[in-house]
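In what follows, chain A forms one complex with chain B and a second complex with chain C.
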Partner chain A sequence: MAEVSLRQLSKRFGPTQVIGDLSLDIPSGEFAVFLGPSGCGKSTLLRMIAGLEPLSGGEIHLGGARIDILPPGDRGVAMVFQQYALYPHMTVRQNMAFGLRNIGTPTDEISRKIADAAEMLEITPLLERKPAQLSGGQRQRVAIGRAIVKQPRAFLFDEPLSNLDATLRSRTRIELARLHQRIRSTMIFVTHDQVEAMTMATRIVVMNRGQIEQVGTPMDVYRRPQTRFVAGFVGTPAMNFLTVAAVSDEAGFARVSLPDGSTVTTVIPTKALPSAALTLGVRAENIQPGGGIPARVDVIERLGERTLIYANLRDGSTIVYDETGDVQVSIGENVQLAIDGSNAHLFGADGRAIRG
Partner chain B sequence: MAPTRICLVRTGGQSVAEATQSAAAGIGIPRLANALFVLPYMLILLVMLIIPLGLGIWLAFQDYDMLGGWNGSVGLENFQNLLDDRIFRGTVRNTMLFVLMTTPAFVILGLALALALNDRLRRSAMLRAIFFGSSVLSVTIVTLVWRLVYLPDRGMLANILGTVGLHSIDPVTSETWALPAIAVVTVWWIIGLPMTLFLAALQQIPADLYEAAALDHASRWRTLMSITLPSIRRTIVVVAVVEVILQFQLFGQALLITGGGPNNTSRPMVQFIYEAGFRDLQLGFAAAASQVLFALMLIAALAQAWVGRKREG
Partner chain C sequence: MQTYRRGSSFTDRALFIAVALLAIIWIAPIIWVVGLSFKPNEVLMRTTGGIAAPPFTLKNYTDILASSSVFGWMLNSAIVAIGQTVLTLVIASLAGYGFARTNFLGRNALFVIVLAALAVPEQAIIVPLHTMFAMFDLHNTYVALIVPRVAFPFGVLLMTQYFRAISPEIEEAALLDRASRFKIFWRIVLPLSVPAQVTLGIYTFLHAWNDYFWPLVSATRPEMYTLTIGLASMQTNFAQTEGIGFLMAQAVFAGLPVLILYLFFQRYIVSAVAGGGSK
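Right, the complex of A and B next:
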């Protein structure tokens, strides 16, 4: 395992810049997840680390040594592809042995490494099968096994769970987290699924339009989003954003008025606020019934253990809040809501969060 | 009444429930009217292929002269005569040699061209069109061009050999070089088809396999041997079988370049059949020679397909 250091990376496809001046340090042994919407450049970034995509600028270092000048096989990384990329005409054993044979590993050592990895991933009975004879989940394990046997200094995962069904995906998430705890190797995982990011990452790197929006622990990214983009992208349902009509001061903290006339007192110091237009951000779980903000229930989504209720405020804006699973509520019903100001966020016109 | 669960046409993964539903809707129940869908094809197959094939086989056992007409069955006499015919034995040898010369060339050169031109560069697209372009020319044009190439003293081959200090040869009149010269013409003429088939196969290989191989430290040679060739094995078998069948039917090039000479060293079986049937008018004899050719093609094609399948297994 080794530290990955990306220094002022940039990538252009013709005139289109997909990654611009990106720098990031991933400490040794970390499970870093690149999270972002489709087209944000996260897969391109991973492929640049792997050596599958040439750099337009910058340097990549692994364990202190520059690797962007090396061919993919010499970089000391192993990659698990979205479509697994198993060699179809080779058995599972041959798939796992291929990379080791290419670097002249002795046969008995190859056998031992394959046996160890197969046991760890519980694929020993599958070793003589070909990929076509395996299920999606089994192929996934083989792809991971092929990476493990190489004992790379860093693992790269390119949306490897996206082809699995929901049940298998959640099981594989747990297994990957367990695998990371066991081998303590540096892992970089690319996904657009925030649940994968939240559940597996030691640090999440949220990306948007080829730039890093925020780097932090899952709860840090969730609780303290640095930009409106991060606040909206991380968390289900997405954070509510309400236009701030006016701001006043209440004991040094910002008290914001919403267009429907209701007010919310935050814990953001007034002196930190810019004069430009503000947006209030509040998560569904920080809105409860029983306050003074009138709303009318529009849509009810029952998820079992919780219920999401979409309600319209007096000015027509929609707000979503959390309720218990068996709450008695009906569409068209008038409710009174309270926003927990201590967990509310304010975003400036530039989309950046305002903190005290 | 319970719906019937018998289905003549059933897809692999169809469940009983689906089958029951299909049967209830009347789909999959054998009906004579369904045969109408394949009737036009069956008619053409029967009239254009099966009946002529049967007639050809029948004719091979008859004494049938185009002038004298049918003189009754002669059993295996036509085949015995073929066996005794030195020229026919020579044509079998020539044809098989020709197939052995051209088929590997089509596979190896076709694959090499496809590998070299399998990219998105404009230059490669142009070269692909050029290499395929010769395939659309008629045999007359192709042989005319190559007669000029092979012209002794003044031809392109003579000029090239002269430049490097070698004596000029006339392959058309050389017993040694006549057949290889025709093989070169043939490969030049229709290398486009195997190249295109290989290109299509290469483009079916997922790019991430190559990326995985690059991360697995595979050299270019290892990637070719372990990723590319196994991935296009079926196409290699198809190209080999198709070329064997096509090249056994060598005729036009040989007739127009060497006329089968010198001393019958480039005379192919089809030319022998043509001459026996249409020049000497011995249809029964020619039909017997056709059956020998047919048998050889069948054996060669089946053997190749069998070898290909065995390797795959």
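Right, the complex of A and C next:
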């Protein structure tokens, strides 16, 4: 395992810049997740680390040594692809042995490594099968096994769970987290699924338009989003955003007025606020019934253990809030809501969060 | 409960009857040829109808086996067909992989030229080919019979398309597995393209085995005749009033290797005719 250091990376496809001046340090042994919407450059970044995509600028270091000048096979990384990319004409054993043979590993050592990895991933009975004879989940394990036997300094995962069904995806998430605990290797995982990011990452790197929006622990990213983009992208349902009509001071903290006239007192110092337009951000779980903000229920989403209720404020804007699973509520019902100002966020016109 | 039965609709039945009729029309001459090959030549001088009625004979076939030339021509055909097939596969695979996976200056222009070659009829280049091989004094050699056919644009196109359809991720995985470019081609891509190789191989072999025009131009010495040319050379009797049974037996004999090939590789031949590789 080794530290991965990206220094001022950039990538252009013709005139289009997909990664721009990006720097990031991933400490050794970390499970870093690159999270972002489609087209944000996260997969391109991973492929640049792997050596499958040439750099337009910058440097990549692994364990202190520069690797961007090396061919993919010499970088000391192993990659698990979205479509698994197993060699269809080879058995599972041959798939796992291929890379080791290419670096001249002795046969008995290859056998031992394959046996160890197969046991760890519970694929020993599948070793003589070909990929076509395996289920999606089994193929995924083989792809991981193929990476493990190489004992790379860093593992790269390119949306490897996206082809699995929901149950298997959730199980594989746990297994990958367990695998990381066990081998403590540096892992970089690319996904657009925030649940995957939240559940597996030790650090999340939120990306948007080829730039890093925020780097932090899952709860840090969730609780203290640095930009409106992060606030909206991380969390289900997405954070509510309400335009702030006016700001007043209450004991040094900002009290904001919403377009419908209701007010919310935050814990953000008034002096920190810019004069430009502000947006209030609040998560569904920080809105409860029983306050003074009138709203009318528009849509009810029952998820079992919780219910999401979409309600229209008087000015027409919609907010979503959380209720218990068996809450008695009906569409068109008038409710009074309270926003927990202590967990509310304010975003400036540039999209950046304002902190005290 | 409703059950779905295939072929129950009127359209399906009409299609079945039409296909059966076409098959009968297509196969009738072949049955006739096979039937005539078992009839004495003397009988066939009077009439070539009634193939089902006796007398029958195996003499036409024993005459072929007694002739020294036929086996030589067959060997020539086999050498030419196998040679063409092997070389075509090598060239089409390498060129196809180059077009599909490598990025070099003028790739697209070169590919268009290859595609344009598909539109050039064989007859248009026969004179320059003849002149060229005459200049190098290569006529009446296997080289002359094999080489002009190995640059097969359709083969290059087929292999290019097939290689393009193979997931690039598989090759990228091999790159990360520290495989060289050639190793990726040899150990990963080539084994994956076996269905296309078989399709192209059969197509090339059949084409080479049945080829008549170029061997007619290039092979002028009887010992260099291929089977098609050799059989044609025996048809000295232009009125076809005698030796018809012998001629038909030769036709059947010439077709046997192809029939055997068909039985072994039926699946791939069907997909080749259907215009794509079977995966």
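Note that in this section the second predicted complex is superposed on the first by the 356 of 356 C-alpha atoms of A that agree within 3 Å, B and C clash if a C-alpha of one lies under 4 Å from a C-alpha of the other, contacts with A are read in each partner's own complex, and residues count from 1 in each chain.
Methods note: a contact is a pair of C-beta atoms (placed from the backbone, for glycine too) under 8 Å apart; a residue touches a chain by one contact, two chains touch by 3 or more.
Predicted, not measured: the structure shown is a model, and the values here were computed from it.
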- Could you tell me if A:Gly99 is touching chain B, chain C, both of them or neither one (first, second, both, neither)? both
Quick one: classify A:Ile212 as touching chain B (first), chain C (second), both or neither. neither
(Q) In the overlaid three-chain picture, which partner chain does A:Asp74 touch, first (chain B) or second (chain C), both, or neither? (A) both
- [ ] Please work out whether A:Ala154 is in contact with chain B alone, chain C alone, both, or neither, and reply first, second, both or neither.
- [x] neither
Overlap of the chain B and chain C interfaces on chain A comprises residues 50-52, 71-74, 77-79, 81-83, 85-89, 98-99, 102-103, 146, 150
Counting only contacts in the complex, chain A reaches chain B at residues 50-52, 71-74, 77-79, 81-83, 85-90, 98-99, 102-103, 146, 150
The chain B residues in contact with chain A across the complex are 206, 208-209, 211-219, 222, 226-227, 230-231, 233
As the complex stands, chain A meets chain C at residues 50-52, 71-74, 77-79, 81-83, 85-89, 98-99, 102-103, 146, 150
In the complex, the residues of chain C that touch chain A are 167, 169-170, 172-179, 183, 187-188, 191-192
